[in-house]
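Lettered A, B, C, D and E in written order, each chain numbered from 1.
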Amino acid sequence: MYDRSAKLAAKGVVIEYWLQRSRSLFTAVKGVDLEVRPGELLAIVGPSGCGKTTFLNAVDGLIPIAGGSLTLDGREIRSPGRDRAMVFQQPGLLPWRTVLGNVIFGVEAQGSMTKTQAIARARQQIELVGLKGFEDAYPLELSGGMQQRVNLARALLTDPEMLLLDEPFAALDAQTREMMQLELLKIWSQTRKTALFITHDIKEAIYLADRVIVFTRRPGRVKNVVDIKLSRPRDLRVKRDPQFLTYEDEIWESIQEELAVPAERLIAGVPAA
Amino acid sequence: MYDRSAKLAAKGVVIEYWLQRSRSLFTAVKGVDLEVRPGELLAIVGPSGCGKTTFLNAVDGLIPIAGGSLTLDGREIRSPGRDRAMVFQQPGLLPWRTVLGNVIFGVEAQGSMTKTQAIARARQQIELVGLKGFEDAYPLELSGGMQQRVNLARALLTDPEMLLLDEPFAALDAQTREMMQLELLKIWSQTRKTALFITHDIKEAIYLADRVIVFTRRPGRVKNVVDIKLSRPRDLRVKRDPQFLTYEDEIWESIQEELAVPAERLIAGVPAA
Amino acid sequence: GGGGAGGPVATTTASQAAASASPTARPCCTKVVAAYSNISADDWIPWYAFEKGIFKDNGLEVDLQSINGGTQTSAALLGGSIQIGQFGGAEALSANAGGADLVVVANLAPVYPYKLYVQKGIKTVADLKGKTIGVSNAGGSSDIATRAALKNAGLDPDKDVLIQAVGSHANRTLNLLNGTIDAGVDDPPEDLELVKAGLTPLIDLASQKLPAANTGVIMQRSYLNANKDTVQAYVDSLVIARAKMKADKPGAVAVLGKYFKLDNQDALNAAYDFFMNEVTQAYPAVEVGQFKDAVEILGPKNPNIKTVDISKMIDTTFVKSAQDRKLGG
Amino acid sequence: MSIQSWEPAAPTTTLDRPPARERRSVVKPGRFKQYEPVVIGTLSVVIALAAWQIVANARIYSILFVPGPWDVAQAFVKLFQTGDIWLDIGTSGAEIGIGYGMAVVAGLALGLLMGWYTRFQYALDPFVNFFYSTPRIVLIPLFILWFGIEMQPKIAVIFLGALFPIIINTMAGVRNTEAALLRVARSFGAPDALIFRRVVLPGSVPFILTGFRLGVGHALTGVVVGELIAAKHGVGQLIAIAGQTFQTPKMLAGVILIAGTGMLLTTIIQRVENRFQSWRPQIR
Amino acid sequence: MSIQSWEPAAPTTTLDRPPARERRSVVKPGRFKQYEPVVIGTLSVVIALAAWQIVANARIYSILFVPGPWDVAQAFVKLFQTGDIWLDIGTSGAEIGIGYGMAVVAGLALGLLMGWYTRFQYALDPFVNFFYSTPRIVLIPLFILWFGIEMQPKIAVIFLGALFPIIINTMAGVRNTEAALLRVARSFGAPDALIFRRVVLPGSVPFILTGFRLGVGHALTGVVVGELIAAKHGVGQLIAIAGQTFQTPKMLAGVILIAGTGMLLTTIIQRVENRFQSWRPQIR
């Protein structure tokens, strides 16, 4: 579908954490090979603790890689940049700022808008994520899902070339989640941003992504790449498409082998569709 | 199915937060009526920010109610007690304690076991949630899903009469999640604990629960109670049962009307099964 | 450094000078910043000279400061924020041993202006054996006075008694009142409290006329060499002031009362008698012999004391000149 | 209601023990709660004063050592009957204002830099530790030498006193900034200056204001110690002279003036802190 | 590597700028990093000493006030050639040990109680603020009255000095305990004592140890101020006598002894803090 050269290229990426106490290195990610084409929406799934967040942090430039190469537009990633924005797994809101203040924090950090402009756009964004009326609430007064939506709005407001999303909808109820998915698809189809999307929901991955990457268990590697050849625009009905179910089974099988919990503990081994 | 009198009874429960800045009361939950029978596994679903966590906190005795009555075994709930244990939506681990230290924190707080006993059981529990090898890691060195599993293990170790679970599996991948669900069912079927379970995953709710309670949007009330008449023990195949799908549609429809995001924003209004 | 004349005090000086309009006034005025290091009757003469406009009469505009302690006053001298200081000869000796070049031109208290007060029950000098005697600071004036008095009375201050530093003049008095020390030197008018509490003076050091350099008029040599006229005028003022005080008891007592913020006339009168008759002299001459005790007592603890040539550290010419002109009446 | 009895985030309370199953009333934090700090504080002070008066009246110790609160109050009133006191207050106030102000600025700057740039901390740590443990009293002759005997040496004493607690606390605050928030800020490419102002600084507020509070104490004792040097006016000088001339009630009146100022400034700092912490779910 | 250049949680570094696309090496925190604090600290001290020596040699000020480091070093050596110094150190050490030890115990207890029970805080706050702003120097006559002139009044000065920063910082630490953790503890029905020991106390460690650190400074200046009162032996007395008799190098040698002790104690406290904070992803 895409012929242009890769937007993001990971070659044999190794990421290690230094454990001061035991004075040893802990390998979280070992040899990730991956290419993301410009404008592609890529989903990553994999067992808990396999290194997905770690890899995404490296793409954002927050942590250094210990081996291999990780390039964005052909340049090594060395630090965070305006061209990427991250939706964090844990919301990471400034507790002393209101919802509005937190949503504008991203653009404020980038210095890419005037304050009035930022506030006006932030209000729209807040409405979009269903938090109208909570502009002046503080994070500790929000429910978990509401905090997550602030986190999402903050990243979206910066309007980056590449979106990095770390389980952005995990704390949302099924309905709000579908809305947000649609919202994301709308933004993506209008602007053709490149997006890297971590999720635990296989359906969500298939529904949204051009390709789904399956990570092995820790230390994480790419185990499997599933090309999702469902036509776009997709609506919610696509989830009942037989092709969709095939993808789901394939990915399911693939992760199955990488379980965090010993496999013999599975009482009934049949995956639900 | 159950004839005995209620374990937990909520009658017109109102919960309010005092907002110091605006010197006003914020009503989070308004008039919840609910009965939980002993040994029942009850799931609560509802839109993000509708007051589920707030209600569960009140059941745990962490926050006072402003109206109505909330009784456990016929006695007003006034404070937390050993008979209940909570799995928090945000893990709330002590950052200066290792995984092992955090898992035993619950029983340590209750003073219900000797230290050696607690450690021995905690090790089993840690293995059960798939964290073997991470006993000595600190929370900040864990992935989101791993933290959530520590949170779960901590509550399970206290072996309470009543389990309160606030989206315990939200940060887990699909497979680990199913394992944990099975684990929970196993524990529940062996000990017949009463359990109150908040989730965003409607399938999960139906699969696990005896009844599913749907909350309205904020201020939360019980909108709908769905009796799940699927035979037990259930295995994963039950998720493809036509009855299961009927329940799913019913609950979906029910929450649909309570959306946090304006409904007109739904591009394709058909829910996925 | 900030040696400029302070506002309110300088204004007072000017108005008083105008009031006393002396015919002998020289062209006004040379500015001098002077300081005293203690609220003690030793400094009575400069206070009187200042209050009564005598400095002004002699062509000096004196900014009289209060600084706490000899060390601080030396620092102010050496830093140039004051030109003349009134503090203990012992401190000046130590300073010179440490490398300073200070000169003493006059000695306002050529004897120890103290009485040794003792607790009830101590009747004779012999009773002091084994007792604790309080001084302000080791190496300070009160320490030297106490040790000199004990030696003079035949006791070895290092062996026969325990000398205890208690920090300050006020602490010394408090400790005497409180009974934590058995004896200590004190002087009027502060000793009033002791008398009230029933303590008695065992030795009157002043009447023994032991030579001492208790309160010197001190400056840097460089200043002295460059401002001989000013120094002479300053010494002249002090001599004149002493003479006037002798004739003006009410005035002198009023000045002391002002600086002590005290209105107990008995105490003030007692102080007047003590200082006029026993302590001060018409001409505040400084002599080598007045430093003997200090050298003996400080020497063992500070090897540099030996290196100071006392005769070069004092300058007797100014007092002598005043005496020649019979300014002291 | 104290911090441990209920979840701090939810101060909606219920009237005490209504008959079970009956409808509980919703009460806002009661009228009394609001004034509780003042009421309890005043009460305990009154009790302490009464106890002091009783001890003083018993006259176990002379008035010279233990004057009663009544004596001190009289001295206090007398103090304000002469106009001089305003000059004293003005002088000391100016010294504190300048010295403490400078300490706040310099301490904040140094503390932030030392907390942020570890190398900077390594370089300055020995000096901070050294000078913080050095009794300022021994430095006074040096100050006189360098700054003379006017206001400057006193300002220097006050400045040095207040500086170090502010540095040390600010540094600790910066070092304890939550890593997750730093990561977010860095992810959005925030320049250092912005991370500083928008994340580190607000996150360190409780630490920094505790430092300010400690600094106030140092500044006030500094003014007393400093004015012992050489002073014409000033509350410290007033205390020193009263002490030397055995006017203990007057001395204590001066001490109360100083300590009262300390209480006032502390209260202001606490107010500021409460303002900065209004996002925290109410604890009281 | 300073705190702002990379994510603190992941100090695995890469060698500087290898040719792009080539395999980067994995390096553990370099040998140098480990010694960085010591190396930089030593360097900056050496530079400062050199600058001091140059200024001293220039003899702008008399040796009386600004002796060079060499003079001080000589005086320091001489100090240790007489046996008396051990008596001084022993005396002051005992005073500090007792006074500071008591302050740690009392300050911790009061700080925790005041942080935990708001009413207790309301009741004691006025006194803490009052006494913290009261110059200890004016209380000395009272201490002599009550405690005599032996070790007790000095211990009292040290105790009072170290007490308040410990109280104030501990209190601030308790008040800043994370609400979420308190909620968890309460949910499991932890009794107050356990919440205290297991949640509040460990959570306040950075605050409390900062308080201890500030307390060390107060204790050390306290011993000097205290020994001005009345003393036979002690490093403070040594400093006082040397200062009054213009033996400035000797005085500074004494000051260095005091400040050196301060640096030692601070280092120990920082070690303890690092131990307690080992769960924090490494920042350095």
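Please note the rule applied: a residue touches a chain if its C-beta (ideal position, glycine included) is under 8 Å from a C-beta of that chain, and two chains touch if they have at least 3 such contacts.
Worth saying up front: this structure is predicted, and the values here are computed from it rather than measured.
Engineer: By label order, what chains touch subunit B and subunit D together?
Structural biologist: Intersection of subunit B and subunit D contact lists gives A, E.
Engineer: Hey, what chains does subunit B share as contacts with subunit E?
Structural biologist: Output, common partners of subunit B and subunit E: A, D.
Engineer: Taking mean CA positions as centres, which chain lies farthest from subunit A?
Structural biologist: Most distant chain from subunit A: C.
Engineer: In terms of residue numbering, is the interface formed by subunit A and subunit B classified as same (over half shared) or different (under half shared)?
Structural biologist: Same-residue interface.
Engineer: What chain lies farthest away from subunit B once each centre is taken as the mean of the Cα atoms?
Structural biologist: Farthest by centroid: C.
Engineer: Once you count every C-beta pair in contact for both, which comes out on top, A-E or C-E?
Structural biologist: More C-beta contacts join the chains of C-E.
Engineer: What whole-number Å value describes the gap between the mean CA coordinates of subunit C and subunit D?
Structural biologist: Here subunit C and subunit D have centroids separated by 40 Å.
Engineer: Approximately how many whole Å separate the CA-defined centres of subunit A and subunit B?
Structural biologist: The answer is 26 Å.
Engineer: Compute the distance, rounded to whole Å, between the mean C-alpha positions of subunit A and subunit C.
Structural biologist: 84
Engineer: What parts of subunit B, by residue number, touch at least two of the other chains?
Structural biologist: Residue numbers touching two or more other chains: 17, 62, 90, 140-141.
Engineer: Where in subunit E do residues touch at least two different other chains?
Structural biologist: 7, 9, 61, 65, 141, 145, 179, 183, 186, 228, 243, 280-281
Engineer: Residues of subunit C that contact two or more other chains, please.
Structural biologist: Those would be 71, 74-75, 78, 170, 174, 178.
Engineer: Would you please name all pairs of chains that touch?
Structural biologist: Listed by label, chains in contact pair as A-B, A-D, A-E, B-D, B-E, C-D, C-E, D-E.
Engineer: Going by the contact rule at the top, pick out the subunit C residues touching subunit D in the complex.
Structural biologist: For subunit C paired with subunit D, touching residues are 1-4, 6, 8-9, 35, 39, 65-68, 71-72, 74-76, 78-82, 168-170, 173-174, 177-178, 190, 193, 260-262.
Engineer: Please give the residue numbers of subunit D that touch subunit C in the complex, ascending.
Structural biologist: Against subunit C, subunit D makes touches at 62, 64-65, 87, 140-142, 144-152, 228-232, 240-247.
Engineer: Mind pulling up the subunit E residues that touch subunit A in the complex?
Structural biologist: 6-7, 9-14, 20-26, 28-29, 179, 278, 282
Engineer: Show which residues of subunit D lie in contact with subunit A when the two form their complex.
Structural biologist: 9, 180-181, 183-191, 194, 198-199, 202-203, 205, 276-277, 279-281
Engineer: Please name which positions on subunit C make contact with subunit E in the complex.
Structural biologist: My answer: residues 69-71, 74-75, 78, 91, 94-95, 97-100, 134, 137-140, 162, 164-167, 170-171, 174-175, 178, 180-181, 298, 301-302, 304.
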